[in-house]
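Next up, some structures in C-alpha cells.
Across the two complexes that follow, chain A remains constant while its partner is chain B and subsequently chain C.
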Partner chain A sequence: MPIWSMRLEAGGAMLMTDDSAPFREGFDQMLATAAEPVWLTFRRRAEMDRFALLGFPTRRQEAWRFTDLEPLTAAAPLPMAAPLPMAMADDLPSPASLALWLLPVTTHRLVLANGHVVPSLSAGPPLPDGVWLASVAETLRRRPDLLEGAFGDEDGALAALNAALFTDGVVLALEPGVTLETPVEVIHHTTAAGAHARLHIALGAGSRATVVETAIGPVGDGAAAGPVTSWGNTVGVVTLGADAVLTHLHIQAEGPAACHTAAVRAVLADRARYDACAVITGARLSRRDMAVVLAGDEAEFRLYGAYLLDGGQEATLSVRADHLGLGCRTDEVVKGVLAGASHGVFLGTLAVAPGADGADARQVNRNLLLSPTARVDTKPELEILADDVKCAHGATVGSLDEAALFYLQARGIDPETARRMLVEAFAAEVLDAAGLPTALAELAHRHLWRWLDGRDS
Partner chain B sequence: MSDITTANRPASNAPAPDVLDGIVQGDGYKYGFVTEVETDDAPPGLNEDTVRFISAKKGEPAWLLEWRLKAFRRWRTMAPPDWAKLDIAPIDYQAASYYSAPKAAAGPKSLDEVDPELLKTYEKLGIPLGERAALAGVAVDAVFDSVSVATTFKDKLADLGIIFCSFGEAVREHPDLVRRYLGSVVPQGDNFFAALNSAVFSDGSFVYVPPGVRCPMELSTYFRINAAKTGQFERTLLIADKGAYVSYLEGCTAPQRDENQLHAAVVELVAMEDAEIKYATVQNWYPGDENGKGGIYNFVTKRGACRGARSKISWAQVETGSAITWKYPSCLLEGEGATGAFYSVAITNNRQQADTGTKMIHIGRNTTSTVISKGISAGRGQNTYRGQVKVLSGADGARNYTQCDSLLIGKRCGAHTVPYLDVRHPGATVEHEATTSKISDDQMFYCQQRGLTAEDALSLIVNGFCKEVLNELPMEFAVEAQKLLAVSLEGSVG
Partner chain C sequence: MSKLLEIRGLRARIAGGREVLKGIDLDVSPGEVHAIMGPNGAGKSTLSSVLAGKPGYEVTEGTVRYLGHDLLTMPADERAREGVFLAFQYPVEIPGVNNMYFLRAALNAGRRQRGQAELDAQQFLKSVRERLKLLDIGDDLLRRAVNVGFSGGEKKRNEIFQMAMLEPRLAILDETDSGLDIDALRAVSDGVNRLRDPARAIVMITHYQRLLDYIVPDRVHVLADGRIVASGDKTFAAELERTGYAHLVDAA
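Presenting the complex of A and B:
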C-alpha cells in the first residue's frame, strides 16, 4: 500500500500528494483564527500529519475490506473543514424533525449542527454538583484540563482527521461517586460535508451516567443512492473509573445521502461497566468502530445492537474488545436486517491478552436477508493468548422462517403483516435484551417501528 | 495497549505449573534421518532459465514449458501474502535450488533397480512397497524428493481404467487429460505460492477415475523432503469422472534439518456429476526444535471443484508438523446439490505457527458444506483458524454449518479464530460457532486419579476433543493420527 502517491512532473520535479491536501487550506485558516491552547494546536498538526501518512482507508486494508468509502472520497469537492464556528439557519433541524428523536423525559440536551453546539436548541435542568457538561469549545475555555491528554489514542485515519479538524463537541465529566440521574442527550444534525465532532465522557470512580447519542440529517427523497452530500465524522472517548457505570445508546438515523463515520474508544478500570446499545438505520454509507479496552479486573462490557438497512445502504459495525484485566466479561449481541440491495458488515474481535485469566467473552451476530440483492459480511474473530478463558462466538445468516410465516397466515394474518411481525420480533429481541432504562428503550423501539413503517409505505 | 498488561499479576487459579504449563523437550523428531544419495540438483536461484532447466530435465512438451513460463512471469509480479497471522522470516527465493532428482543410470523398471538406499528410507518410514504393499492393500506412488521411483498396483488399477501415476508420466502418457484439467481449479496466478509452484513444480501424482468406477483401494502417496536446501513443489491433479468414487491419502514425514525448507504444493481436485472424492492428509513434517529453529514452511494451495450436480468433495487433515503452516483446502461448489466438507485437526507445539482453514464457495443451488475444525495450541504455538463461507447470488437453498473449537494447553500459546461469512442470497442458511477453552484441571485430575499418567490423560482428552475429525479419516490414517497427536504433544504436560 503506497502511503502517498508520487507524481513526476514534466520538468522532473517531484510533487507529493496525499489525501490531506484538500483539507490543508481550511486547516491552516482554522489554526490561524482559532484562539486555542498551544498543546491543542500541536496536537491538531500532529494528527493532520498522521492522516496525511495514513490517507483514507481503502479496501486493500483488512479492516476495511468490506467497507467501500468510494461514495465519500469520490464526492466532489472533497469535504472541507468548516472554518467558522457559525451554524447557519439552514443547518438547524426543524423543531418538528427534532421532536421525533427526543427522549420522552427531561434531559440535559445538547444539539450540534454540523459539528457545533447550538445553545438555542440545547437545554436542561441545573446540573448537580460534581458534574461537568458543556461544549468542547466552552470546556477548552474554562476547564482545558479535562481535555488535555484526551486526544490521539484512537486508531485509524478518520479519527486522526477528526482530531485535526474537530469543530466542537460535548464533554461530560463526573467526579467520583456522583450519579447523574437525568439522561444526557446529544443530537448531531449534519447537513454539510465534514462535520467533525467529539464526545468525551469521563466518569470518576463509582459514578454513573446515561448518554443518548443520536445522529440525524435531512431525510431527502428516500432513495439511498447517488452521491454523498453530507459527512459526519465523530470520535467518542470514554474513560470509566473503578466501579463506574455508563449506559450509552446510539441511534443513527441520517438521511439517504449521508455518510456517517464514528470511532469510539473506551477504557474501563476495575469493575467498571459499559453498557452500549446501537441502532443503525440511516445514511447511505456508515461505519462505527468501537474499541473497548477492559483494562481493570472484572470490568464488564455489553453491546446490544442492530443494523436495519434497505435500498443501496451500506453499514459497518466494527467492535474490538481487548481483555487485559482478570475476570473481565464481554457480551455482544448484534443483529442485522438487510433488505433491498443493502450491505451489512459486522466485524467483531474478542481479544484476550496473555495473563488475562478468567475472561468470559461471548459474541453473537445474527443476520436476516430479506431480498435476493441484499448482502451481509460477518467476521467474528477470536484472538486468545491466555488459557484460562471461556470464549465463544456464533454467527448466522438466513431468511425468514417459512414455517413461522405459514403459521401466522394460517391464523388469518396477511403475509405482509406476518413478515413485519417476524422482522420486528427478530430485531426487538436484541433491544429488549439490552435492558435499557424505560425512556431509552422506548426511543429505540420507536426508531425500529419507524423503520418498519417506512418499509411498508 | 501492551503497556497495560497484567505481567505482574499472580497467576490465580492457574493449574499447577508441573501439570499443564511449560514445554519440556521431547525425544526429538522421530523421523529425523537423512539418506545419503547423490542428487542431480539444479543450481540455486530462480529465473526463466531455471524453469527451462526443470522442464528440459523432465522432457516436457513445449506447451507445458510455456505454461510454466507464464506462471513464472505472473509470480514475478506478485508479493507474498501477509494477511495471515504468521511470523515468517523473509524467504530468499534465489538461495534455494528448485530441482533435485535422485541419480540413476536409467529409469528403474522394477523394485530391484531402485537404489537400495531409497528402499531403506521407505522401510524406515514404513511405506508398504512390494510385498508389504500387497499386505497393506495400499497402492503407493512414492515421491522421493521430486521424482517418482516406484509405483505399485498400477496394473490392477489399470484394469479398471483408473490412471494413477506420477505427474511426469501423466504428462507423457495422458497429455490431453493433463492439459484439460491442469490449472483449471487453481489457476497459475491464483496466489503467490501457487504461481511459484506452477512455474517450478517438480513432480507429484495424477489420478483419473473414469465414469462409474469406484476405486477399490485407498490411493496413497508418501511425500518426503530429503535433499538439503531443496524446496519441494508437488503438483497433484485428481479427477473423478461422472459417478466415480476415489479416496486418496497423503502422508508426510521429513528428515531433521536445521535450515528452513520451503514447501509449496498445489492440489487440484475435480469432481464431475455424482462423483465423490475423499482427500485425507496427515502432515508431520519437521516442526523445528523447541526454540523454533529449523522446520518446514508448508505453504500449500489445495482446492477442489465440485463441477457436476450432486458431486462431493471432502477434505480431512491432521496437521501436526511444519514450523509454519499456511493452508486452506477449499471447495468450489458449482454443481446443483454439490457437497463440500472440511475436517481438520491442527496442533501447534513449541514455536509452531499454523494459519489454516477452508473456503467454501457456494455457487450452485442447494449446495451444502460442513466445516469442523479443531485447533490445539501448546507451548508457544500459535494456531489460527481462518475460513471463508461465501454464498453467491445464484446459490438458492445453500446451507453451511461451521464449528471451530480451540483448546489451549499452557499459558504462552495462542488460539485465534478468523471466520469470514459473505452471504448474497436470502435463501441461504449459514451458521458459524466457535469456542475456546482449556483442558480443565478437573478432567486431568479425574483421569490421573484413575491411574493414567498426565501424558496419557492429555492424549485421551485431546483424542476425544478431535474425535469428530478423526472419525472422518480412513482406518489406517486414524490409527496413525491418534499416535501422532500424542507424539506431537509430548512434553506439554508432566
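Presenting the complex of A and C:
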C-alpha cells in the first residue's frame, strides 16, 4: 500500500499523485525474484515508500529552486519502469568509446552498464590483502556484512529511489592500515532511462585509496535540447576511519540526451582526509549532491571542481559540509564555464556545529559566462554555530577579460584560440590546484580539452 | 623607397565618446626609428592602440597603409601576424596562461601566416635562450603565467623579449622606458638596437630624452591634442627638453 502524497497544483486544486506509481510493478517483480538478505528487502520497501512520500523534487523546494527536473520527469511515458536484471549486449560501451575515458595506468577497473557491473569489461591486478573490491551483487552474496551497516535512511527522494531500485554497484572496503596504490576505476555507462547503481567506499583507520568515477553514455550529435532518453541515478556512501585518505575524482561526460543525478554522503573520522574533484561537462541535465560530515577532530575535506556547459545543458553542484569535530578543515573551489544557453548552479553550505571550534572552512565559486544567454545561480551559505572559527566564502560571475583577449591577439593569436586559451586557463587552474596524482590529473585535463575541442563556436 | 607605414588625416574617437585623434599624418620608412613625444593625454597611446587594432576606438576619417595594405580593415591578430608589434604601456596579466606556451603559440601563428614551418619545442627553446641572454632576463619569468606578478620593469622587459622573438616589421613601443632602472634601460635599448634593420621600423613613444640617447631616432615628433604639431631630427628632443611643449600646443 503506497503512501500518497498531496501536491498543490498551480490552479489551487488538490491532486492525488504518487511519483512511485510507474515504478511499482517493476519493483514488486524485482523483489519477488531477487534472492537478497531480508534486511535489504525491508530497506528497499522503506525507501520506495519514502520516495512515494517525497515524489520527484520540484522547484517549489528550496534546495531545488534552481534545478529543473522537468526534462526528466516530463519524458513521457515515464520510461524508467523496471530496472533490467542484467546488462544486455546493447548496453555495453564500445571498446573505442571506453578507451577515451580510461586512466593511462594500470587500474582496478569495474565497468557498469545500466547499473550492472560487466565482468567481461572489468579487470585489474590481484588485490592486496585487506582490500575488498567487488560488485554490490557479489558483496551481497559473499560479504553482506560489509553492506548491512552501510544502508541508512537516504537523504532525499532520488537517493531513496536509488536505494529502492538499485541493481548493482561497487564496494571498496579497506581494512585498517592498508594502502591500495593502484587506483580503482569505476565507469558508469548509461543508455537506459533508469540505471540505479551504488558506490560504497569504506576505508579503515589509516588506510588509503584512490577512486575515479566516470559517467559516460551515447554521445549523440551534440545539441543538448531534446528530450532526456537516459538517466543514471547513483548513490555514493563514503566512510573514512581515523587518518584514512580517499582521493575521489568524478568525471561526468554523458551525451546531450542524458540525465545524471548523484548523491554522495561521506563521514570522516579524526584526521581523515577526503580529497574530491569533480569535472562535469556531460548530460542535458545533471545534479550532484554531496553531503560531507567532518565528524572527527581535524578531519579535512577538499573539493576542487568545475562544470563546463554549453547548449541547453543544466548542471547543479550542491555541497554541504558539516563540521562537528574540533579543528576541521574544508576547502572548496568550484569553477563554472557557461556557454550557449546553459545554466549552472552552485549551492554550497558550510555548517559548523556548536562547539566545533577551530574549524577553518573556505568555499569559492567562480563563474565565467561565455554567452549572453548562459546563466548561473550561485548560493554559498554559512551556518556557523561555533565561536572560534575561520570561514570564508565567495562567488563571482564574470566574462572573459577583454584586455587579455586583445593582448593575445596583438601577438598574432586568432580570437578563437585566444578565447580557448583563456577558458582553459580558467578551468585548468582548479584542476591543477586539486593536486591529483599524475594519471588522474591527466584524465581530468584530457576531459577539459575534449570539452574545449568539442565546442568550436 | 616605398613607405612601411603611411598615416593620412587619421581621426579617431573613443567608441561612443569624444574624439582623441584629430588628424594625424605620419610616414615611416623601412629602417627608420621615430620617436613620438608629447603631453599626457595627448593621444599617443590611442594612436598605438588604433594601429594595433584594439577594440573600443572608432576611426572616423583618414587612412593607414602598412606595406601598401589598408591596415585598418585587418583584424588585430592578422596585423600582428603581418609584422605589426605593439609593446604595451601597461602589459596585461593573464593568469593561468604560461608565458612560454603563449609565446610559442604567437610565434608559430606568425610563421604559419608567412608559410614557414612551425618551430618545434627544441628550436623554440634555443631561440628563447639566445634572446634571454641578450635582454638579461631570468628564465624563471618564462615559467610563470604571462606578466602575472611581474614587477613593472619585468613586464617591460618581457614586452621587448616578445618583440625580439617575434621579429616584427613595425614595432611600436609605448613608453617601454618608463619604470625601467638604469641597467634595464640599457639592456632594453641594446635589445631594440639589435633589432634595427634596414627592413624594419620602430616607433617609440616616450617622455624621456634619455631613451633617445640610447636609441637614436631618425625623426622626433610632438603629438599634442590629437595632432602631430611639430617634427624634427634627433636634436629636436634635446630642444624640447629645454622649451617644453607649451608653445607648440598653444600654436596648434
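In this section, the second predicted complex is superposed on the first by the 432 of 457 C-alpha atoms of A that agree within 3 Å, B and C clash if a C-alpha of one lies under 4 Å from a C-alpha of the other, contacts with A are read in each partner's own complex, and residues count from 1 in each chain.
One rule holds for everything that comes next: a residue touches a chain if its C-beta (ideal position, glycine included) is under 8 Å from a C-beta of that chain, and two chains touch if they have at least 3 such contacts.
Because the structure is predicted, anything quoted here is derived from the model rather than measured.
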item: Chain C versus chain B on the shared chain A, clash or fit after superposition; value: fit
item: First (chain B), second (chain C), both or neither touched by A:G398; value: first
item: Chain B versus chain C as contact partner of A:M421, first or second or both or neither; value: second
item: Larger contact residue set on chain A - chain B or chain C; value: B
item: Touched partner set for A:E429, first chain B, second chain C, both or neither; value: second
item: Contacts of A:V376 with chain B and chain C, given as first, second, both or neither; value: first
item: Partner chain in contact with A:A353 - chain B first, chain C second, else both or neither; value: first
item: First, second, both or neither for A:L385, with chain B first and chain C second; value: first
item: Chain C versus chain B - closest C-alpha approach in the superposed model, Å; value: 14
item: On chain A, the residue positions that both chain B and chain C contact, one per complex; value: none
item: Complex interface listing, chain B residues touching chain A; value: 1-2, 4-7, 9, 11-14, 20, 83, 391, 393, 406, 408-438
item: List of chain A residues in touch with chain B within their complex; value: 62, 293, 295, 322, 324-326, 353-358, 367, 369-399
item: Chain C-facing residues of chain A, complex; value: 401-404, 406-415, 417-418, 421-422, 424-426, 428-429
item: Partner chain A, residues of chain C touching it in the complex; value: 52-55, 75-77, 80-81, 86, 88, 91-97, 102-103, 105-107, 109-110, 113, 145-146, 162, 166
